[in-house]
Amino acid sequence: MDLLLTEPQKLFAETATRLCLDHGGPRRLRALRAAAAEIDADAWRKIIASEWLATVVAESRGGQGLGALDVALALEQAGHQLLMVPLLESAATAWTMSRAEDAARAGAGLADLLRGSRLIVPATAAASWRYGGGASGVTYDHKAGLLKGSIPFVAYGGSAEAFLVAIDAGAQPVVTIVPRSEASVTVARNVDGSTASRLTFADVHVPAEQVIATGAEAKRLALQLQDFLMLGAAAELIGLAAAALDVTLDYIKLRQQFGRPIGSFQVLQHRAVNAFIDVELNRSLVYRVLAAYDAGEHHPAMVSAAKARASRSALEIVRGALQMHGAIGYTEEHDIGLYYKRAMALSAQYGGELSHSTRFSELTLEAGALS
Amino acid sequence: MDLLLTEPQKLFAETATRLCLDHGGPRRLRALRAAAAEIDADAWRKIIASEWLATVVAESRGGQGLGALDVALALEQAGHQLLMVPLLESAATAWTMSRAEDAARAGAGLADLLRGSRLIVPATAAASWRYGGGASGVTYDHKAGLLKGSIPFVAYGGSAEAFLVAIDAGAQPVVTIVPRSEASVTVARNVDGSTASRLTFADVHVPAEQVIATGAEAKRLALQLQDFLMLGAAAELIGLAAAALDVTLDYIKLRQQFGRPIGSFQVLQHRAVNAFIDVELNRSLVYRVLAAYDAGEHHPAMVSAAKARASRSALEIVRGALQMHGAIGYTEEHDIGLYYKRAMALSAQYGGELSHSTRFSELTLEAGALS
Amino acid sequence: MPSPTWDNTTLFVDDNPADRAFRHEVREWVGENLPAALCNRSTRIDPPELKPWHRKLYERGWIAPHWPEEYGGMGATLTQQIILFEEISRVGAPTPYPHGLNFIGPLIIDVGTPEQKAKHLPPILTGDITWCQGYSEAGAGSDLVRLETRAELDGDHFVVNGHKMWTTNGHFADWMFALVRTDRNATPRHAGISMLLIDLKSPGITVRPIQTIKGDAEFAEEFLVDVRVPRENLLGALNDGWKVANRLLGSERFTTGHPRNAAVLLNKARQVAELTGATREAGFLHRLAALEIDLIAFSAYYRHAAALHGEKRAPFSMAPVIKIVGGELGQRASELLVEAAGGYGALADDMRVGNHVINPAAEMFEMRRVTVGSGAVEIQRNIIAKRVLGLPS
Amino acid sequence: MPSPTWDNTTLFVDDNPADRAFRHEVREWVGENLPAALCNRSTRIDPPELKPWHRKLYERGWIAPHWPEEYGGMGATLTQQIILFEEISRVGAPTPYPHGLNFIGPLIIDVGTPEQKAKHLPPILTGDITWCQGYSEAGAGSDLVRLETRAELDGDHFVVNGHKMWTTNGHFADWMFALVRTDRNATPRHAGISMLLIDLKSPGITVRPIQTIKGDAEFAEEFLVDVRVPRENLLGALNDGWKVANRLLGSERFTTGHPRNAAVLLNKARQVAELTGATREAGFLHRLAALEIDLIAFSAYYRHAAALHGEKRAPFSMAPVIKIVGGELGQRASELLVEAAGGYGALADDMRVGNHVINPAAEMFEMRRVTVGSGAVEIQRNIIAKRVLGLPS
């Protein structure tokens, strides 16, 4: 459905669509997987050159002063084309750094990030967000400047040159840059070829000049950073789900069984309609929440609603797609499996359906006035 | 599916089927509702005369020494024919009284119950079973012989001449007869014409000779009584669901839309198949649990599984039935509404789906050895 | 960082400053003028009881926000129409029935003759005349091709014979707009249908209420035997009734499919659950969260669709999607309400929760109606499958 | 009153005393003889690795419980067959592949010539010969009417040309039993089909493994070009292949559709959830309870069906119901396992939980296979709709 975008947004969305189409797609993903590459370097260079990261940086800090919604337009397309680039993670880092009160602290790192010379990805509890288990097990000792503990499921940890460690829980919140060399990084591979890394900090000393924020500011930034990551992954999932639905619709219109295209069977038709409705609703939801996020008016429960629903629908759609494809869908050769596996990774990343529906309950029940 | 019954059981099931067919059915239910009658007196007289209650009474106490499974064969048929009789409640009372260790205490009351001269229905926490809210708010002071508090949602409370009050919770469990005159009874009407009564006991003195059991025995009997009620309601729901499915199948085979019977549309076919499978599974489940109950080997979690699933399926089936019937199903005149309303009452009675699925979790998690 | 208050009835409201002022004005006026007896009823209110409230809205000038000003409407934007609906329903007040104001009124404005406009529009606004819609028949619910009621020209009158069913408020109505067959040989079959305006006091008409499963009479059936309808009561051209009926722009979907219906039910479920202890059950909490999340998604879609509709850019799929999701969400919410109520959920009568009186079973039956009859959700899904997704027959 | 221990893998077991003794005997023997390396693997084990285990079962006399004793089987009751399956799978050991033992073996026993029996049955028992089933083709999965592989008689040989696909273990197999078209003009179309036993070492056969989504090769495709198959390798009568294939009694459903598959997955989900914290989520608890309750219902149905089958009184609906419920339950359980695992659920490699190593994603992909291909659940539902419920086409 038409998103009622501004003219510059429309233009950006078109550019993003073209770039992702040119650089992404199932064939490209297979090549990356064969090479065990975590990042599509060509696509990423192109994105850096197109200055997409600058969209989320405030104008006062050299950016375009747009918002999370704008970069989500590109994330949706990246999801649609199965693109393997650290766009969400880099944008979230850039957003956070450019919003630190003390501009000087973030300055150099931010500039490096924007020009693609240093990949900095977030390391937060959101990476493995789970109700009750949300605390990532990292603590920061402000006086000593020491970081201790470990953070699992960090994305693009194989290529990152530094991490934006953001701790919102506990008595001493912090947002700080930690160079890769200071952390012990264990990289595991996901089913879709992406990676999940565990960072371990053994009493890592954080020099004051690397600290972006502390105290209440750090807590606020860390929470906003996590909301950004959840929303961005939701946007990517929407593109992915829409693409899987398209592939499936094409297939069931052609594939014959019992002398008819299988897409003429009412049960499959209604399943496809439900998928279509879900994609429509989730698109409206994610972009409405993004608009509220950019306006500084979002309720965090909305973020969990968006991620819970985007995760659930994407998985349902790829499951349905696999089933409708029959045996052919079960082969490595067929592309639908790529969508399936990407959906598994993205739906778990930054919290899955059940975790977010519990978080949603907690946030609305604690805040909720019963009318 | 063939239940692999013994010859006497088959014979009894056939008798029950015939009696319920002769005395029940939608038309009869409408007549009862018009007369605001809670019990079908004709059918009930016939059932008493046929000595169905004696099935569950031990041979040593003058019964037939059969079990809950046997009476469930009749309950299933009662559900099928929408019969309004206190069969489950009377059988549960008879079962409990005949299993008291002290035969003398239950003797006279039991004989009256069996010959139909005095209707005694159970008043237990199971009547409004709800997780956490299970305690019915009644307490028994053993030394003073005083009963205090109230029990909601007692079935057939409008006609009962006495109540079998069974308290399993708290420090002083008790199972005792309380004459109607001793309790304050408020009768409310359910959507299906059945009733739900709230009993209130204002320091009711219970003479020792009315007490059936106390202490550990009372606790055991009270829990078994509640399991009996839950399983019996599940059996009734299975008959009800099967009948609603039959009515719907007949309808969709005939009703035309767009030039075809609506039963030829695949979406409706699959919905009917799912209903059929649910009825099949639930029948196996309920009778297997009943067999275990009669053998004294059942796990209480199984009872909750049976009631949760019977409640859920019955509601799903009547909802589907209403929808498949279209506008005609929404009229008072059409019988499907009777099944719908009966399903609402029976599925809530002795605990609904969500309450029992929580009880199931609690019971299996506390008992469960992870393999 | 404390979270802001969560209110599931105002999700994604995006009034501009003028809208906000209008919302405030409506809220104040409703508070002062709404009869308390009409508030928060769990069962349907029949048209006669609604008349004084209709009249008040008329006198305030808010009865027909979507009609052009020249016909006595407000010429309001869709957002203003939605605001009116929201502020009226916010306090649990009923909105006027749509058959005159939303269905036949706009059709008469659109294709009616000057005489038809002059005669019929004013009493729709005042509420003096109640209309009902005569489309469905015993054999033709979703499937109007099978329409059997026929009208034959005899001089300057049509002679109508047939049997209409499931007409909401038929037994309270003064007039009925009906689809009738005027050419029995036309192909395709719907090309032989015309739209007639029929005075229900005409000789030859027998109206009988139909009792519903809820225990009230919401529908009626009408037997028409040699009913003479003046030729000037033909709306639009002869044999053009199918097209006339399909001219409705669908803005009425925005009130009947409003997410608030489900939101209010979910709030009731939550209150009842506190009372019964269902809030301690994992199943209840999970279903509540799932429904609240579906509600927030639907609310986002709804606002988005309204904004697009306001700019005349709404896609074809919008109307069926709102019908499906709004209808099913309300049903599921009402089913959760019944489940949360436990034994109270099966009671025929009201229950008291805090300051509110509610009747879970009645609410549930009310919601069942949404997906019954013409335009049932299965058919809406068939429409999307074919017309939006391009799936083969 | 403390509850007895809850064990979801032994629900409603109803062994008689002799069965109990047999179960005990099997359990003890399996404990002593099973190679540890075969236990609890989350991915498929290819036939070559399975051979020594097959051989052990053969030597113990338990490889073919359902075959008559005269052919080297046990002539066992269905309960004993189920006990063998349960005790082998209880410790996470693999059961032998069914294509020789359960599919073609019983068919040869049933309709084979003495020569066919003498030649083919012994090496199925010993495990020396691996069989695969050649039914599916690119265009004919669920829909065998569209079978295109053809066999033409040329003297005392059939000449076979065609392309078989989705043959499990095709690239490990020595022989294939295949449905081929021997009369292209027969009506109905399945009347022109025959069953051939084909030596895969015959000239003209090219076998290629098919990589699956799981990353292993479970299936193969076979190209057959002018393959000469001796006439004595025809199983049953010419053009009678459809009937031959349908002679299987369906007792193999009782092992492939066993509720234990889902029970084991649910126990894994519970263990993983303890690790990740999912046990504190209402949604997880609710779904786990719902699945456990469905499992207990299915277990009851399963035991009931087995008892009926043992008495030859099983209804027609039994096989499709077990296929549908067993398949979907396993899938849903594996999806809950993945969800409970959170980030671990997306990992390509194994994870360690307590003493166990599991791989949620691999388990999930394994379960997806159940409802894929011929006999998919939609088709089973169509069969019940038509043949059991009598719904119209």
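Letters A, B, C and D mark the chains as written, and numbering starts fresh at 1 in each.
The rule is simple: a contact is a pair of C-beta atoms (placed from the backbone, for glycine too) under 8 Å apart; a residue touches a chain by one contact, two chains touch by 3 or more.
This is a predicted model, so every value here is computed, not measured.
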* To do: Return the chain whose centre of C-alpha atoms lies at maximal distance from the corresponding centre of chain D.
  => C
* To do: Any chance you could check whether A-B or A-C wins on number of contacting C-beta pairs?
  => A-C
* Structure fact -> Expressed in whole Å, how far the mean CA point of chain A lies from that of chain B is 52
* chain B and chain C, separation of their C-alpha mean positions in angstrom -> 40
* Touching two or more other chains, which residues of chain A qualify? -> 265-267, 270, 357-358, 361
* What parts of chain D, by residue number, touch at least two of the other chains? -> 282-283, 285-287, 289-290, 378
* Please name which positions on chain B make contact with chain A in the complex. => 265-267, 270
* **chain C-touching residues of chain B, taken from the complex the two chains share** => 127-128, 130-133, 152-153, 188-192, 196, 256-258, 265, 267-268, 315, 319, 322-323, 326-327, 329-333, 337, 340-341, 344-345, 348-349, 351-355, 357-358, 361
* Structure fact -> In the complex, chain D touches chain C at residues 282-283, 285-287, 289-290
* Can you list the chain D residues touching chain B in their complex? -> 1-9, 12, 264, 267, 270-271, 285-286, 288-290, 292-294, 296-298, 300-301, 303-305, 307-308, 311, 313, 315, 317-318, 321, 324-325, 378, 381-382, 384-385, 388-393
* So in the complex, which bits of chain C are touching chain B? -> 136, 139, 141-143, 145, 165-166, 210-213, 215, 219, 276-278, 280-284, 287, 335, 338-339, 341-343, 345-349, 361, 368-369, 371-373, 376, 378
